[in-house]
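Each of the two complexes below includes chain A, the first together with chain B, the second together with chain C.
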Partner chain A sequence: MADTTADRDMAAETAMPGPPDPPERPQVARLTPMEWVRENLFSTWYDTLMTVVFGAGLVFAIYRGLRFLFVTGRWEIIDRNMTNLMVWLWPNRPDLLRPWVALFLMVAAVGLLAGRAVRVAATVAEEAGEPIEELSWRENALRVLGRFWPFVMLLVFIGWYSGSPETWLMELLVVVDLLAFRALALRLPKAVADRTGLIAGLLFLAAFGTLTWFGGHGWDDWGGLMLTIFLAAGGIILSFPLGVGLALGRRSSFPIVRTICVTYIELIRGVPLITLLFMASIMLGFFLPSDFNSPAGVTRALVAIILFTAAYVAEIVRGGLQSVPQGQIEAAQAVGLSPLKQTRLIVLPQALRNVIPALVGQFISLLKDTSLVAIIGQFEILGVARRITNQGDFAGQGLLAETLFFAALVYWVLAYTMSRESQRLEKRLGVGER
Partner chain B sequence: MSTETNYDLTRAAMEPGGTGEVMIEIHDMDKWFGDFQALKDINLVVGKQEVVVVIGPSGSGKSTLIRCINRLEKHDEGTIVVDGVEMSDDLKNIQEIRREVGMVFQSFNLFPHLTVLDNVTLAPRQVRNWPKAKAEEEAMSQLERVKIPEQAPKYPGQLSGGQQQRVAIARALAMQPKVMLFDEPTSALDPEMIKEVLDAMVELAESGMTMIVVTHEMGFARAVADRVVFMADGQIVEVGTPEHFFENPQEERTKLFLSQIL
Partner chain C sequence: MAASTTAGGPRPPLWRDVRVLRVVGQIAFAILTVAFLWWIWGNLTDNLQSRNLPTGFDYLSQPGGFIVQYSDVTSSTPIWKVILTGVKNTLLVSAVGIVLATVIGVLIGIGRLSNNWLVRKGSALYVEAVRNIPVLVWIIFFFSALLLPVLPVVEESVTGDLFVANNRAISVAGPTTPSGGAGTLWLLGLVAVLAGIAVAWWRTRRNVRTGQPHHRVIWGLLTAIVVFAIGFVVAGVDVGLDRPAREGFAVTGGFALSTPYLGVLIGLVVYTASHIAEIVRGSILAVPKGQQEAAQALALSGFQRMRYVILPQALRIMVPPTANQYLNLTKNSSLAIAVGYADVMQVVKTVIGNGRPAPQNIAIAMAVYLAFSLTISFFTNLYNRRIQYVGRS
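The block that comes next holds the complex of A and B.
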């Protein structure tokens, strides 16, 4: 930096009276691929050794992986048990119409919300006077693919290994459903569009009702991926407000409230989730009168998950609350906001945005922890993946690798998407911030 | 303190300027931070439409004094009466006073998650319960007053320090307060941005706003103040018109301070 300035000054002096040379950016040497490889992989003998050893290991791993996927893997167990993996014994299976309708309703709701998000982002950008990107449909498609390729991969995996045209057809219908409602949300008149959240909520409720009401089955009969998603979604949606409440309570000026919140948080955080699940499913019975009609399995598991996660959410949110500068609260007081509105309008929005990464980490953890309900006799997707290897035609054949791979793939697709989308959200909420 | 002159501190402090009607009355106020006494026996009466500039060395209690007026700090002894309402521990009471008292901070304290327009409309909508359209109309007129209406859709982080401070002034004015408190409004600004903020404050003073300004801008004090209050060690040492204060200070402490800064 100092050198270039000096050089320029000297150049200007000698070259007078002509205009000074424009400052030159230092050139970064560009390497050809061969040079890059030599410099980075084979520059010394131990570099070469490392490259060869790890290269061989990598090639072997990829070879075995692909072989498992395309040659040795007996994927018919996934195909034959797809319904089991998705809904377990939704069963006695008089009809799968309800789960399908519920799925389509939920996908429609997600589509509406996605379209709404796009629309809100466009409005915000427009108001801030930022240029709106015009993308061709191909660029758009590529961008969507870049965001949701794990889901696409999962759909292809399922379609490919099921080997039946109906699967492809249903998958296509799901995607069409999603895109159609996304497009619809973009075109709704403003008065309706402003209520998209409500409409989506009603659709979710309708999906729930389709499964449960009018002779359907309550969640105690659910299983497979359906149960996983129900536990994860229910856990996230309900533990979040509880956690925020606990975090605020921990900072309350009332000693009693503070003590209760601190005690709760420290007690729950000191116990493994699995202990809570056992307590909820087994020990609770010892304390309740025998004629008390207490809710059964899944409800208890869900409550345990919510109580557990809320304690962690509370501590994460507390960190966020502490990150909001005192000056923000003073400014909110000075303009006359009531204490409640100071918290709701000024402190919480900033606090929560600051802790999005930690919160999402907690929720991803929750998603994966739902697999623990298998231990108290509920069969979510991982439980099903283990059990189907012992059933019928496949018993004793040791196909656990195939089923576990599928379960892992599903978890990963969900967790990775949560992570990626939260990063987008974070970026978007950071508009105009430095 | 000084007894050999005929200067009467109590009289100078308790005689309201401006229209002569009383806006703020502070009697025998004390403030402690733990064992440290930040304010001692503060007596001051500010008149309607008066501009009072508070100066003094750092740590002298200037900021604490004005922060007590809208209860960002709780005073320990004495009384504060703002426009006929006595400050008490009652939250309703505090809210009533805060509605009428606008404040501008050294570090702006704009809400970073809201646009400039939302920063300015927030309090009128949430505290005064104005409809959106009315609040936005008022907000735009205040933003025009501080000469940055074109920044309305931006976020505070996209603005310069001077622009942010002018938004902060507009935010306080949008509540249509009777009193404006300024806590070193130009201290955090780059030199070339100080003027644009001072211009807005001068315009405000000329429009008849009651103002208490803690500042180190002596030029502003000379030009705009009705009275200058000099504080040191938590006490009011001297009060007077700018002419009295800058040309003919009575107290040794004042003379020392002025010799250091002028």
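The block that comes next holds the complex of A and C.
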């Protein structure tokens, strides 16, 4: 009885006449430019000191950078070697039809996936009851530019310094290809759209096939940026099954299996990738029977990368496995699923969805690590950047800064955009919040 | 038939008994693994023998047949000693790199949260520009595109009173070896450091007992310096300044920092600092905002807020990922091979190039890196446990 009266008193106290006033927003002080500068740059004596020192350093760095870009840099080497940097000695030079078709197929797949992501994000926002912003095309364009300015910058850089109209045309076609397939993904019927991932995968496979099948050339003949991307993508995809196996093994209740998996993972994670690459490039022949036809350079590098990445993927997947609540496993046991089915149908799908951001991070770090195959004599983009400074026309002129700048720019654009986009997608799709 | 598998009945047949299957499955897995390793081992020994290469490690005591610059390795030095020099060089670049990367990383991480607009944006620019480019590109850039072209050749060395700089090395003045050997000096240094630690410990104890400020860092450092100075005078160590000087193509004297070393060091530090800065920023942001506000309410200065309130709490979050970065830096130091700095990987590669067996050499290099990794994990885990414990009690 006493409880209910107390409740009623509370209710009477908290009840308010009419709807509450919307909370007033705090007044943001309007600063004049002078005040802003004083507040943000010169508020105390050490603030002033830092501004002066930091500003001087920054101005110097930017001045040197711009001077290098527009005055002292000799970019002819990039222009003349653009094909080398992209595909190195593609065997059928000058016929580059296959790499171009492969590029267009891959860009189409990326476009489809981008459109799909937009659609899913819209659905998620709708379910959450968030209003969908209507933007004018100008706002839209600005926003896209804000997200993809690194790519635009790279395209402009390539187009500008190659100085040929065909380059601009091809770049335009790539962009059109991307936008067309993104638009297509937005308009596909739902049944097809739900299989976008599969279609994109098939497109990637088709790109691979265009390069290798029907008289094409295997990856041992590849080089340049093409090889960089292949090593990173191939490395992460092919190491995935081994990584999942190792993660399951590490969590297994079989002590022997667990010991072997833990040993493998910790051993690999304790040594640098370069030792594995050396092992593959010098020693693979020692480990195989002498009459065995041992594979060529790129395959060896790929094997080392897979063995290396698998250990890291295993640790990521283990984190995902640990994030699946015990109740899920118990529920699966309760409905009588076999251990294999429990893992395959209940545990793994939830675990893998949780680790997508971490896997993207691993992919980015692998993309940077592929530069190491340059040390064992493979010509991915860094290897090409180092090699072309020895060409007859350019040897001994100290052009390494220019070629390194270009390679670094490509790495930077790819890694920066991917990390930004994955963060954005993670936030919008609410991965890890479900 | 069906009755035999119902609960409470006799045990199921062997091929369906979980307890049996567990044991059999594991044994099968173990046998497969062992068989695979055995096969590889067999191939390895066969291949080594067919190429007339030794299967053991006896070759380590033979002379290496090459010299390593800026070390006492000559062509008659046994291989194990040459590899040891490489290990020392790896240690040198990693240890210095870890210290510098931590200092710069922490500064930039704090800079990203500064009230100063320029510092904030500049730090963000640094982090975003640096961490998305491979460390190998940085190392090659600093060595081959910056240090080599910018520094003059030996004949035109920039010579100052205390340094000689050219594109082989930057030599700086250092203490000469005393006549009685360096032993006394090291001993003196050790005694001074121990005395400093003892005093710092005493100040801490006193602080815990009486609550008076400890100033243990200042006390400890002063004690160490005073002890060292007194010992220096009393023992009469005849130490002088060893100035580098150039004679033709050779620079003698002083302490040489070779350009490959500097290239690797700067590359590693610049790259790792950007990662540490992100960790520091994230850890500081993870400290509840109320802590910052409470510190402000107590009228602590900006430095005091950071030093006594925010950083000690952020430290706990920071340690495990930073330890990971230390491991990465040590492993990345193997990229010294790209610029020819004689770290363990470079030395091992040269040894292999001289016709020594590759498998043993690579195994040695891997074991060295494993040992480094395990040591770093051990110490950072120890430190981690210590600060966690202090924080919770």
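What we mean here is this: the second predicted complex is superposed on the first by the 325 of 434 C-alpha atoms of A that agree within 3 Å, B and C clash if a C-alpha of one lies under 4 Å from a C-alpha of the other, contacts with A are read in each partner's own complex, and residues count from 1 in each chain.
Here is the rule we go by: contacts are C-beta pairs under 8 Å (C-beta built on N, C-alpha and C of every residue); 3 or more make two chains touch, one makes a residue touch a chain.
If you're wondering where the values come from, they're calculated on a predicted model, not measured in any experiment.
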Subject >> Broader residue contact with chain A after superposition on the shared chain, chain B or chain C >> reply: C
**OP:** Using the touch definition from the top, say if A:Arg138 reaches chain B (first), chain C (second), both or neither.
**Re:** neither
Subject >> First, second, both or neither for A:Asn40, with chain B first and chain C second >> reply: second
Subject >> First, second, both or neither for A:Lys427, with chain B first and chain C second >> reply: neither
Original post:
In the superposed arrangement, does A:Val335 touch chain B (first), chain C (second), both or neither?
Top reply: first
Original post:
For A:Val271, is the partner it touches chain B (first), chain C (second), both, or none of the two (neither)?
Top reply: second
**OP:** Applying the touch criterion given at the start, work out whether A:Lys190 contacts chain B, chain C, both or neither, answering first, second, both or neither.
**Re:** neither
**OP:** Using the touch definition from the top, say if A:Gln350 reaches chain B (first), chain C (second), both or neither.
**Re:** first
**OP:** Using the touch definition up top, name the residues of chain C that touch chain A in the complex.
**Re:** 22, 25-27, 29-30, 33, 40, 43-44, 46-48, 50, 114-119, 122, 125, 128-129, 132-137, 140-141, 144-146, 149, 331-332, 334-335, 337-338, 345, 349, 352, 358-359, 362, 365-366, 369-370, 373-374
**OP:** Within their complex, state which residues of chain B touch chain A.
**Re:** 70-72, 91, 95, 98-99, 101-103, 105, 107, 109-113, 115, 122-123, 126-127, 153-158, 171-172, 175
**OP:** Could you please specify the touching residues of chain A with respect to chain B in the complex?
**Re:** 127-129, 325, 327-328, 330-339, 341, 345-346, 349-350, 353, 429, 431-434
**OP:** Would you tell me which residues of chain A are touching chain C in their complex?
**Re:** 40-41, 43, 47, 50-51, 54-55, 57-58, 254-257, 260, 267, 269-275, 278-279, 282-283, 285-290, 364, 368-369, 371-372, 374-375, 382, 386, 398, 400-401, 404, 407-408, 411-412, 415-416, 419
